[in-house]
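Each of the next two complexes has chain A plus one more chain, namely chain B in the first and chain C in the second.
Take a look at the complex of A and B:
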């Protein structure tokens, strides 16, 4: 089984001493430490900001609320290189843009993280004019390759051109779409008002169907010379043209001097051999309607025989401009919407969002709330990993027997969610400073049964059932290799990063909730292949179970029943003006919420740093050089959910 | 060094055990009327197969289960509890609640009673905010999750025409021959009695009763809620002629909580698969009684 190499952060003595459990010993010192141990994670980045301000004199100025401005966009790459190499913020967590039409600028916001030690991310911002033609700045893909998709997203939704991005095309909207849909002055087809609640709902109350405001009527604009009835798109032209790979770029292929076959006969050098055959490379579309793509994802692969030489993703089939909806919503309205991002782990998403808003409002949840949140979030992690392992096995070819066994176990957890929160997946459970309902005695009883009997047995069975399976090992070991430094460069997070030997887990690296008060480890493996990602997930389920068990044992002693809301429960929150980047560790990786408030009832900016989406950045490098059948398994090991990828 | 194929054999052992355990479970309970088989199978202690055969069998729903909301009717006064304060319309994330306030014809001041109340269930995301934030306990989440129908086949039928006509009376836009209109509920279509509410939400109701300080109802045992028989439904005589559908009968005036002592875990099976043409109502209204986890 996976050896749990604990996370960097050594347990803080202060917390251990304050631990209310009598006789609880502080967690044993880690045997193998995955990363240089730091006593505590950095609470702020003041020192680093002072450092770059001094280093780049005159270029850097302090930004309001958070981070620094880089006053000359042209020198962004220089500063970012220093941030990465000089200050060791080796992973770019998030890139996003904010539109300020009053100032005539678009602000691009970067958050860089130290990996694996964590701490507060370093925030730097660049402002560029909004006008088309001037709205451009250098790309950071050369410094942080993980910037590629996020820059494309910012380009797609805000119209910021990132010069030097290798593939600056629209990513969520379709080719041929006109306009920049996240800009403040852009109106969607069924536009009704800038912000909710809409005036017509009360007291006038005249119902009107959204279809009444159809796209062809006056709330939709078209480019001047556009005629919807004669327009034919060539949507796929660009994606095929942008496929660059050829057989010489296949990893290991040109350098492998001699291939020895089973009979020991020497074959000619690989590329010569292929040239002789005069084969063609072909482009194959996998998806969007393909069972292995976990939803509506389209992989365009270029094949040389069965070997993948290039891969491009076509995303956005599930795009609904979630962030725009979020900016029309009030702060409260967004909570149930976050459930619908990664619908496998809705409760984890909710936590990220309420955490951000709580930080801006300065609310501290009660102990009961923190316990309940950890309980729900860790159960979510277990059920999500059950799901992802089940479907990984589907991808390997064990069609649905393992998946259905694990879905059964997952359903017991979801039943519990349903009985507590009212809904199986769309729990809408967390509130600002609280949760919507407490557990009843019976529900706690059920949670006990699950945590101490059913789930440990189920996880052991899963392990027994699969881990040693020869076919699984043959399909997974050594497949989808992406070494640690590349993983970090691609901003890969979650179990996939930890399977590459990087013990980065937001729960330890940028702690939130009461995670520090419980005894648990971050599992790390080092082979960076599909099999290790599987093993890390299995071990994470065990660790989550450890947390759940501790929560259940200590909750009645440490907390008051029914104490589930800090302060007064309200529906019309006004969040003080400010900005925050709040992140949590969902089962898929780092989920971040970048929130900007102007002091009003609605978020001014509501951005989601989606781990599923950003993890896809590295898919190409993981897949090129493997067989086409492996691409399915590698995608399965990334464990994406399209609800969050496309938003 | 593991033998090649040993892992596969181990795994096959697991599938074999799963196969056998279901039979063992079934034998264990043969002849014993312990619980409905759905409840037993979905208990974590069950080691066999957990699936149930929906729609022949159904899981008892937990009390917190939520689906498209309904308006609570105060049966002692025969009117809705809603005061048209508008909070639910404001907290509704997809904005699917429309409330028209009533004005006093003489003074032109608002009267605390909604003139019209629409919920577009095609938009409702079942979040439960409206019920959570209503200060008057006037709107609650329902448990009836079977409100789908076959528009393509039945929107041309006479029944649907009747619905369409009544929708028109209520100034609702009619689309596709009324097909869309049928999932937009107006005030009458939304209204259900507080007896129904007490039946499906016993502990919520107990809280309400306890909070209502000098109420006669406080004397009634808060948990003794009625499970009205399925046949009890009768249309409310007065009211707009919108396809309101049969409703829960109001209990005798003054008796807020009838003394009928039952909460059975097995509801009298609601007729769920009746042909659409015979359901000319916007909303199936027979109650489903929920079990608790």
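Take a look at the complex of A and C:
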């Protein structure tokens, strides 16, 4: 596929065409298609930047460190349309804002990507004044529908109004919350100092209870003359009123022919069966406490009968302020926090963060480190896919029996993590330019057993019992269809995108680590439904296993034992001033870290582009028109983890 | 003395002699309920993953008679607060707790549920679930290992054993503990402290 070509159109969901992953390659959909090994684009985006600078003369100027400025926010849409259609950057990876109180501006930063060919992302930035009222700019939802949630996040945390965003409400906090919490001059209730280590505690080593320091004896603060008795709380804003979908707006609604009678009421046309069966519209809240929402997610579903006609998500129930805390932390402090983003695959997240910092500091890890990182990250991928398939089965109705088998296998993998890194889930294993511990002979032996015996057997077993299972097929085939072009427009990444026929995988598209030195493929399938997402995950486990096996075979030959740190070990890193957007392929999709350093001991901006969060953009289009029971299956196939959704 | 009374008052047929246990009602009551605790199927964050691992094959919570995780608070006896309690979530947690029937217990699992943990200073984080809900057992750890969670169950069983049916709160007259649901205003408003908050807000 030529670089920058638009994503191929996917065929309609072919109900009968799905074939098992095991055995011979299925004829209809090749199980694995390698993305171009070397992207045809240049390694940097200078050519493209020169192109838009020339095209929009006077409008574009070069930004420090990375990307370009669009000097007139009003013309953003025009430029973005050209970036998408003229330069073929068809996916918007990330939107975020950075606050510069000294300049009195908030900078909104966009990163666009070519899919599936990849290469470096194109970065463009817009600056708007900080003052309320003036802090507004056009929305990009019309060009990139995947911008919706990210714009809402920037609005929620920075107060940038995106005019034209279809649902500009707070997304992580609630409506009515006072202030824009990520702005540099906004202080949380337990504020102690701008950056760690806090002078109040260090070097004397004294500490006191945060509760005793603050006027309300709690982690809260209220505006002057606040009166709880007269305040009316409306945390979700007008979420219910804004759900306008109905049977007329749903393509292929079960009783298709609908006429509107004189009273404006919807009347199904004469159909004896439907005459008896009157359906009502009803809004159902699923979550935040619901066994099928995989955590504290809340889906607000509008139903007509059993058919979903509209869907909205209420997020933020696990918003733990990673970014605010991350900007107070020192660079090193943040590594254990990344474990807690997507807590199923902590090791994969760590890599994204250390990769970004290493790029800014110009460190090259030693070969041993690269091998160990790949080993850990790929084992994490297998573990995470075990987990997600198990829980998909829960959602389908096979309550916990399959999941228990997979959790058992997963336990063996995290046992290995524990013996190497010291913790089952929160490994805190990677360092800038290194890892914290090397494998011993014994541990390598265990990894060997896992990679060559236990895990292949487990994956075969999974495949054998599930892939051809009638119930699984009945519940999954043709459900949750989202074609390739829409998936790309919604910035969907990870196995879900690859199940729609787009072979975009950061490991090949924007390579990092030593992935290029191993022999493996990117599994792609074309039906874009829940079943294909399942098949892609199964195949991905096999590919990961292939990588792990090669690593284990070559490690002792290619690397030196104990060579696990490039440069000196340090506690206090100073990262040169700069910016970077580093991304890795986690089991859920593209995880990006947008880091800005001002040369100090702490990140000036620490933004997490999380795939779970952005993948949820597309949930509405995937579910509308299906039955309510399908919604949990579709959500399960997206494989979200709330720690990463809400951060 | 007790033996004499027994012999005098209650006729015991010969074939039942040596087959009867005498115990107090308290012991029987506590013995029954401590081994049939139904936890609520309720995960908040990373700690929930370890909670699931505890219930899964290797650690096997069923050995304690606690395996029946109920998704509905109406059928649950125990709330395991497994993760970070955020301000946005606490109204729901309080509501769920209020919906649980007595006797009900609460385990704060992990650093976050105990005190806010690594995220304590976050603007959307409640520093410990005990700011709103009475907690019976705290477990340290981030996340606590499954063994630690099991340890908390054993501790809770010990606690249950010590309770007496005559004095437990939920059989007393007029006992109806329900916690006022906090409100999401400009910040989280604890309705029990509404008067203080109003007074304090006038002065800042």
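One rule holds in what follows: the second predicted complex is superposed on the first by the 560 of 647 C-alpha atoms of A that agree within 3 Å, B and C clash if a C-alpha of one lies under 4 Å from a C-alpha of the other, contacts with A are read in each partner's own complex, and residues count from 1 in each chain.
Just so we're on the same page, contacts are C-beta pairs under 8 Å (C-beta built on N, C-alpha and C of every residue); 3 or more make two chains touch, one makes a residue touch a chain.
Everything numeric in this text was worked out from a predicted model, so none of it was measured.
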> So, does A:321 touch the first partner chain B, the second partner chain C, both, or neither?
Replying inline: second
> So, does A:576 touch the first partner chain B, the second partner chain C, both, or neither?
Replying inline: neither
>> Contact-wise, after the overlay, does A:436 reach chain B, chain C, both or neither (first, second, both, neither)?
In response: first
> Which holds for A:205: it touches chain B only (first), chain C only (second), both, or neither?
Replying inline: first
>> One more residue to check, A:101. First (chain B), second (chain C), both or neither?
In response: neither
>> Touch test for A:343: chain B only (first), chain C only (second), both, or neither?
In response: second
> Looking at the overlay, what does A:471 touch: chain B (first), chain C (second), both, or neither?
Replying inline: first
>> Quick one: is A:408 in contact with chain B, with chain C, with both, or with neither? Answer first, second, both or neither.
In response: both
>> With both complexes superposed on chain A, which partner does A:426 reach: first (chain B), second (chain C), both or neither?
In response: both
>> Taking the stated contact definition, name every residue in chain A that is touched by chain B in one complex and by chain C in the other, in rising order.
In response: 192, 210-211, 336-337, 405, 408, 411, 426
> Which residues, counting only chain A, touch chain C once they are in their complex?
Replying inline: 172-174, 176-178, 181, 188-192, 210-211, 215-216, 218-229, 231, 233, 235, 288-291, 295-296, 316-321, 324-325, 328, 336-337, 340, 343-344, 403-405, 407-408, 411, 424-426, 642-643
> Which chain B residues qualify as touching chain A in the complex?
Replying inline: 2, 4-8, 10-11, 14-15, 18, 42, 44-45, 50-51, 62-66, 84, 86-87, 89-93, 95, 97-101, 110, 114-118, 120, 123, 125-129, 132-133, 141, 171-173, 175, 180, 184, 292-293
> For the complex, which residues does chain A have touching chain B?
Replying inline: 192, 196-198, 200-212, 329-330, 332-337, 401, 405, 408, 411-412, 415-416, 418-423, 426, 428, 436-437, 442-443, 446, 449-450, 453-454, 461, 464-473, 571-572
> Residues of chain C touching chain A in their complex?
Replying inline: 41-46, 48-50, 52-53, 56-58, 71, 83-84, 86-89, 92, 96, 116, 118-127, 131, 142-143, 145, 183-191, 194, 197-198, 200-202, 204
